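Each of the next two complexes has subunit A plus one more chain, namely subunit B in the first and subunit C in the second.
And then the complex of A and B:
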């Protein structure tokens, strides 16, 4: 256990020392600040895009543009982009060391290959967690500071749901947990591809390509796509949004959690399997 | 041209119901409205709007003659653009701007009501036609149907109890017709949901907003500041 702890700490230090780790933090901070500034300036016009269907009949009273809505929009926007940032770090966790040759030194340590892969995977998850914490601070805390608190008018394809501001903090908590699980799948996929490929760029690009293809499949309502959609992890990555419906479709959320957890387990098991059999030649 | 034709039709039909004078009925009703300079009340709002899911909520209502009206509540809520609580009294009190005719009689909530049609004298008015079901015994508006140029038709039912002397309702049911909200799947980012079959965007669906009033406080000299909406 001590040995594993030492490898894990070493992996965490390595992760935090790499400049690309901070690209993700910088991107999240920049995108959040940029969108917050845009909403601060033009938020009402942007909102009227959604509410115009009602405006002939109703006056919408109360503070619609608030921190909760901004956080919802930011999370909805970034959850599709964040996998790319996760892939940037986790995609070359093993392959980067294979390419540079440092993997041989790593394997001279008494720790088993399984422990090395697990340590790298956990370091990737830690980075993912940090990314989400930064997103949480920027999207929720900073947005609430700028725009204030209030009810959330959440948007889904069936219409609008207004969630009371008093009933929202627990939803955010679980939403970020599901988001972590979703990005955990990407981190696991990145680790897996990193184990089977030998250069640092290909796994990163492959993760990105998979996510882009799966997302495109999810966007189109074609009968042939409908068959495979439930099995794609990208379909379940936005199940955090279900927490902002009324009533909450707990069964759908549970199914998504199971699918995401299954993917994590599958990818990490495959990573361990491949890495243990990998012939290190470099 | 349409409103002129409507006007003549209503004049002709009114001859059938010459027994009651709409002017007297409205004057008696206006006497009640004039008793109130301002009021506040607690309001409980229930919403059933197609395409919108929202919980019921409590609020406080403020009114000041002639047409200042506001509901303050913690949170987001929807109110019809043409608010009957604000418009009915101000519309009926402005007796110089319309002509009125009785177009029929109907029993509403067990009350024998005259259907009084209000037709604006100016063609440029936002109001096209106002129909008010007014109790003949104790002049109160039990039902109203207001048709405007920009906001369509709004149907309202009012229920009275202890504040009927001031024509203040205990409950108002507002019936609205709205086009079903359609949010593009890509905009809603619902990758995990199937799009529903496209429905005709022009088909309107019916919704209701129920406002239940309690704890009226009448003529408390309300400050105008309460009607200023902070951003």
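And then the complex of A and C:
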């Protein structure tokens, strides 16, 4: 345990000292500030255009353009881009060290390969968590500071749902937890591909390619795609949005959590299996 | 004397290519052991197998009497190494890199201990520089520091002179001798240059195409009793006639154009040269090698 703790600390230090790590933090901060500025300037116009279609049915009163809505929009936008930022760090975790040769020093220490790959995976999850914390601060805290609090009005396939501002904080908490689980799958996939491949770029590109292919499959309502969709992790990556429906489909959320957790377990098991058998020739 | 390393008939294949083929050798504790072979002979693959980076296809490796495949964890606490070129985290300082290695070995070093280590490898004053600003020679020195950080009993050095300037090579040689003689470290020193091994090692193995060619004490392998002498002479016919009528006839190995090859002890060479001068045969060139040098030249020439 002492040994594992030491390796894990080393991995966290390496993660935090790498300039690449801060690209993700910078991108999230910049995108949030950019969209917040745009909504501050043009948000009301856009919103009145969207709500126009409902005005014949009911009256909309109060502050619709509030911090909760901005956070919802930001989360919906960034959850698509964040896998790239996660892959940028986790896809390089093992393969980057193989390519640069530092893996030789790492593997000629007493620690087992299983401990090393687990430490790298946990460091990747820690980085993912940091990304989400920054997103949480920028998207929720800063947006509420700029736009104030209020009820969340969300549009989905069923129509318009309004969530009371008093009943929303716990939903955000669980939404970020599910988002963490979703990005945890990406981090685990990145770690796995990083164990298989020996250069830095291919695992990063491969993670994105897999996500793009799976997302495209998810977009089309074709019978042959419908069979495999429930098993694709990308299908469940957006299940955080279910928390903003009324009533909340807890059964669907639970299924998504199980599928995402299964994928994490699968990818990390494959990483350990493969890394323990790998010959280091670099 | 106890055995530090016992390599027993290890083999390693990559697809159809056999990199190491039933290689065996033994390193005793206290040895500076030369691991010699031309480029591509299987040295690095063997060292990687000894450090657990590559799994052998067959055979067994014991280090300090313990099987590497069964007890890698405890063995690695006693072994330090530089395998191939030393690579570090370039975005971190040399000191931060060493702190990572110290932590990975569960060591808590004081600032003074780090200073001593940097002093030992000749990097004092450059501790806080980022490794990406280091030259190859400086990285080699830092590589040595990481190999020594946990005070290992056995140090495996894979071509550590690569990239070092002449002074760096001398410093490294002195450091290896100091570690061996003053601190009792066993050292396995791999090289493709025979003179490096000759100057440092007490025992050695020569490998080629993944197989052991010769193993033994360096002084015995480099004996001057049986030297290969090559003499280029001007008058071919006169030289052949003179040799045939002399006592040197049995020592003549072959003639290639004007190049006469003899096998004799080092002490006999001046007499042979005097003989040709007495016969008024012009000597254009003389060179000589011992058995091992001759053999090593042959395998490296065959490769190129």
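Some points to look at:
Everything that follows uses one rule, which is that the second predicted complex is superposed on the first by the 278 of 282 C-alpha atoms of A that agree within 3 Å, B and C clash if a C-alpha of one lies under 4 Å from a C-alpha of the other, contacts with A are read in each partner's own complex, and residues count from 1 in each chain.
We adopt the following convention: a residue touches a chain if its C-beta (ideal position, glycine included) is under 8 Å from a C-beta of that chain, and two chains touch if they have at least 3 such contacts.
Since this is a predicted model, take the numbers as computed values, not measurements.
After superposition on subunit A, the partners subunit B and subunit C are seen to fit next to each other with no clash.
By the touch criterion defined above, A:270 reaches neither subunit B nor subunit C.
In the superposed three-chain arrangement, the CA centre of subunit A forms the vertex of an angle with the CA centres of subunit B and subunit C, and that angle is 170 degrees when rounded to a multiple of 10. In the superposition on chain A, no contact is made by A:133 with either subunit B or subunit C.
In the overlay built on the shared chain, the residue A:13 is in contact with subunit C alone; subunit B does not reach it. Comparing subunit B with subunit C, more residues of subunit A are touched by B. Superposing the two structures on chain A brings subunit B to within 40 Å of subunit C, judged by their nearest Cα atoms. Per the touch definition, subunit B reaches subunit A in the complex via residues 49-55, 57, 71, 73-81, 83, 150-152, 176-196.
Taken together, the subunit A residues at the contact with subunit C in this complex read 2-3, 6-7, 9-10, 13-14, 17-19, 100-102, 104-112, 277, 279-281. Those residues of subunit C that touch subunit A in the shared complex are 14, 48, 51-55, 72-74, 76-77, 79, 81, 83-85, 87-92, 96, 100-101, 103-106, 146. Note for the complex: subunit A touches subunit B at residues 50, 53-64, 76, 80, 150-151, 153, 155-162, 164-165, 215, 218-219, 221, 226, 229, 234-239, 241, 245-246, 252, 256.
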